[in-house]
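Lettered A, B and C in written order, each chain numbered from 1.
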Amino acid sequence: MRERRLRSPIVTKTNTGNFFEDFRIGQELVHATPRTVTSGDVALYTALYGTRFAVQSSDAFAQALGLPRAPVDDLLVFHIVFGKTVPDISLNAVANLGYAECRFGTPVYPGDTLSTRSTVIGLRENSNRESGVVHVRSTGHNQHGDVVLDYVRWVMVRKRDSKAEIPVAVTPKLAPSVSAADLSVPAGLSLAAYDTALAGASHRWGDYAAGERIDHVDGMTIEEAEHMLATRLYQNTAKVHFDQRLAAGTRFGRRLIYGGHIISLARALSFNGLANAFRIAAINAGSHTNPTLAGDTIYAWSEVKEKAEIARRDDIGALRLRTVAVKNTTPAAFPDKAADGKADPSVVLDLDYWVLMPR
Amino acid sequence: MRERRLRSPIVTKTNTGNFFEDFRIGQELVHATPRTVTSGDVALYTALYGTRFAVQSSDAFAQALGLPRAPVDDLLVFHIVFGKTVPDISLNAVANLGYAECRFGTPVYPGDTLSTRSTVIGLRENSNRESGVVHVRSTGHNQHGDVVLDYVRWVMVRKRDSKAEIPVAVTPKLAPSVSAADLSVPAGLSLAAYDTALAGASHRWGDYAAGERIDHVDGMTIEEAEHMLATRLYQNTAKVHFDQRLAAGTRFGRRLIYGGHIISLARALSFNGLANAFRIAAINAGSHTNPTLAGDTIYAWSEVKEKAEIARRDDIGALRLRTVAVKNTTPAAFPDKAADGKADPSVVLDLDYWVLMPR
Amino acid sequence: MRERRLRSPIVTKTNTGNFFEDFRIGQELVHATPRTVTSGDVALYTALYGTRFAVQSSDAFAQALGLPRAPVDDLLVFHIVFGKTVPDISLNAVANLGYAECRFGTPVYPGDTLSTRSTVIGLRENSNRESGVVHVRSTGHNQHGDVVLDYVRWVMVRKRDSKAEIPVAVTPKLAPSVSAADLSVPAGLSLAAYDTALAGASHRWGDYAAGERIDHVDGMTIEEAEHMLATRLYQNTAKVHFDQRLAAGTRFGRRLIYGGHIISLARALSFNGLANAFRIAAINAGSHTNPTLAGDTIYAWSEVKEKAEIARRDDIGALRLRTVAVKNTTPAAFPDKAADGKADPSVVLDLDYWVLMPR
């Protein structure tokens, strides 16, 4: 009965997404939909998160540093590149498990058109044979073919048919973090004229110390309309974010907020304490440790994990940060993992990443 | 007493809109407010509906087909052209009754300025003498005077004074549908390089058959903030969408959602099954069969009514579709009209239109 | 204990804002974050308020009047210039007390980059020694150094330490209103070709009389998502607008809406009666007489206070208006101050300003 429906024109015209047994090691996926990023997207991004990093906010500020104009926020690029992979990779996902080896490349400017391709690099069936873990390396390009973003993510995807045989079992070896030597500095960028007064804080790379923790203080309560506007802006089609009728039947009873929305909120909140962290150069790892729902108030704190020089640059340094977003509680107490490694119930995001800063 | 207030400067400065007896057959109305459409509007449109049609999403994709850049979504053009008519035509409307003969013309690009003019082509008083039906043909132009949209709509409009004599009774003869021969293909467009992988689905014009029905599967729950942002973006001033204090006294007790918001949602949802329907060429008819309120979850299904070739084009064909939007129920059962022709209570939109598709 | 925390790296990296004793007469503040205004901001502004003034809506309309393209709405400029001052001036504010001598200068166009500087011109400690009143003159510039906005505002700011000695007590003498002779008319502007039909109303400067009152009729209910999107768009970081967890402990129990959001709503509503008031030239005074919360429905009425000619211009005149915004009640009764000068509880804004109009 169900199989008959699968063969009807109704089902074949609609994208049902790939199931675990549809993936093959080495498979290349060309994702729809290419997307021209514009100053309209940038304005919406500002309205959604209140981001205030001067390089992305001001053409004049960016031009003083040798860039042609203000680049698009790194995370807006991430969300757009990521969103394209959803219909092919994670429409039948049970869980988004992690990110690794995420490097930002050529800056994106309004007018650039982004598209994404992925390669399947890992497949391992779960012992219950109901699902399996898929690793993909996804690469975002601009219209000139330059790489703007490159990352690995792994998701647990349902099988269509639990009896389907899965002949391979591959888990790729991933770097625990991106090496500082592999961080990309935008071509032409010089921080000689970087104006800390206009940027909003005097603290440069040299003022931060490994182990230092920063309470970002400010909080932001999320509304349903906001996270849905954001997620649609990224053309991310995951149903769980949009369909309250469907969500009513789940254990949360509510629409889940796209994890990337929390990453962007945490980054915007981190301005208060990290105002000169003007570019995200890489994401080493990230976990959405607890779900977020509309009505939650998000706060963040950060820890400096590591400092690195950038080869042949005395104007710029890199900080490896861990930013933790928490919900509905003060970040002043730095809620974190318990001794057993389990995240505190208030922790919704644990993000390990590299930022660039003026020296 | 009331008449005295009508003569006061207070009332004369404020636009009270036209009442039924203010219209004349042949009357020409120049509508305020000319509107430059920008990439900001396009970004908001994406954020409001999550639309993913590649031609409108990507400058690079559009340029590969011979267009100067990504055109503005056809329905965004519709809403902006339509919105301008509200203060003159439907401020005192009891009901929006229908659309016909709606043809999309020259594509609109960011930077174009749109304005609208209307001609009154029908007037028929209702037997109760409290209101009457006004037909107008409205035409949207760009800054060069090219027609971007041309359509007829009819609305039931209150009389200011039920005793006013209405000397005419005209109901225009309208085509039941736009002829496929009258559909406009954008100048310079060639679909030779149309990339179905980037567009998101392999199904071309030839893969669809008359009578075929498609369940678009996905659903979207609407928030108050979303439909108001949309309706204000279109500079549509109808009070029923914005004023909860006023709405509290109506039979719905709530703000009504602009019907065009549902058209755009249904179109965006229809991507899942109609990804290559890259342009709406005409709207033959449309009814908002039931009201929609915030909190409703919208789904859609479509039926292929007719297929038509386009003269002298072997790269492009037309599909006549009927897309039905439903609220708060699965579209898998294809809720529709009952035998008596009355729409199912879950049906909120019944739209008959032509789309263009690559062959 | 608390002082020790103030010296920790946690607190010093985070901006705690200036307290009353941190300000000095004559002190110059360079505010972060420079901001390039784009057509994306303009689209969001339209979506947030539904503004319909033709000069700001249409490049073609503006060009017919000699402008290079549609200028950015005056109040969007105000909010962006104002927003930059918040982290330095009013992060520790108890109350925003007033505005004066606010003049709009060179028009702002999409692509312009705005930044703000302020000078402290008044400091007077309150008798309880817990706080004091700070007057600042703030000036917004574009990337060429032209002044786009110049205004005085005064706020009551908490002291960090009530025992701190405040050696000065200065209250600047401020003009009760901007002189009509000081209003700036954009360079190159000529209203000869001003089209009142496209602008939406026939009433020119000569049609208004001092003392005349206009009920703007229409109402707009505000949602949480809307005012937060707006306030973040302006990069205004005042916590009271965003953090429901914090707000729950206040006497309102809710997030407060940024007063500027109400100014923009009232201005957009005032189109219905003042459609040709195409530019705000100055703000003489403004009070947010009662707080506004999400769910409130805003209406507005205006009174013509004064008419003024503009020197050497027979195409343009100035109206001094008082626009009063009210919540949750009809504006038809013109709710206003009681005999004792106290605002009616329904009045949320009382704005005294100059607009330019075609003659």
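Just so it is clear, a contact is a pair of C-beta atoms (placed from the backbone, for glycine too) under 8 Å apart; a residue touches a chain by one contact, two chains touch by 3 or more.
As the structure is a computational prediction, the values presented were derived from the model and not from experiment.
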Cα-superposition angle relating the copies chain B and chain A, to nearest 5°: 120
Copies chain C and chain B - interface residue numbers shared by over half, same or different: different
Centre-to-centre distance between chain C and chain B (centres being mean Cα positions), rounded to whole Å: 36
Per-residue overlap in chain C, given as positions that touch at least 2 other chains: 38-41, 43-44, 110, 223-225, 229
Of all residues in chain C, those that touch chain A in their complex: 9-10, 13-15, 30, 32-36, 38-41, 43-44, 87, 110-111, 113, 115, 143, 223-225, 228-233, 235, 237, 239, 242-246, 255
Contact footprint of chain A on chain B as seen in their complex: 38-44, 46-50, 52-54, 57-61, 69-70, 110, 197-201, 203, 207, 209, 212-221, 223-226, 229, 272-275, 295, 297, 328
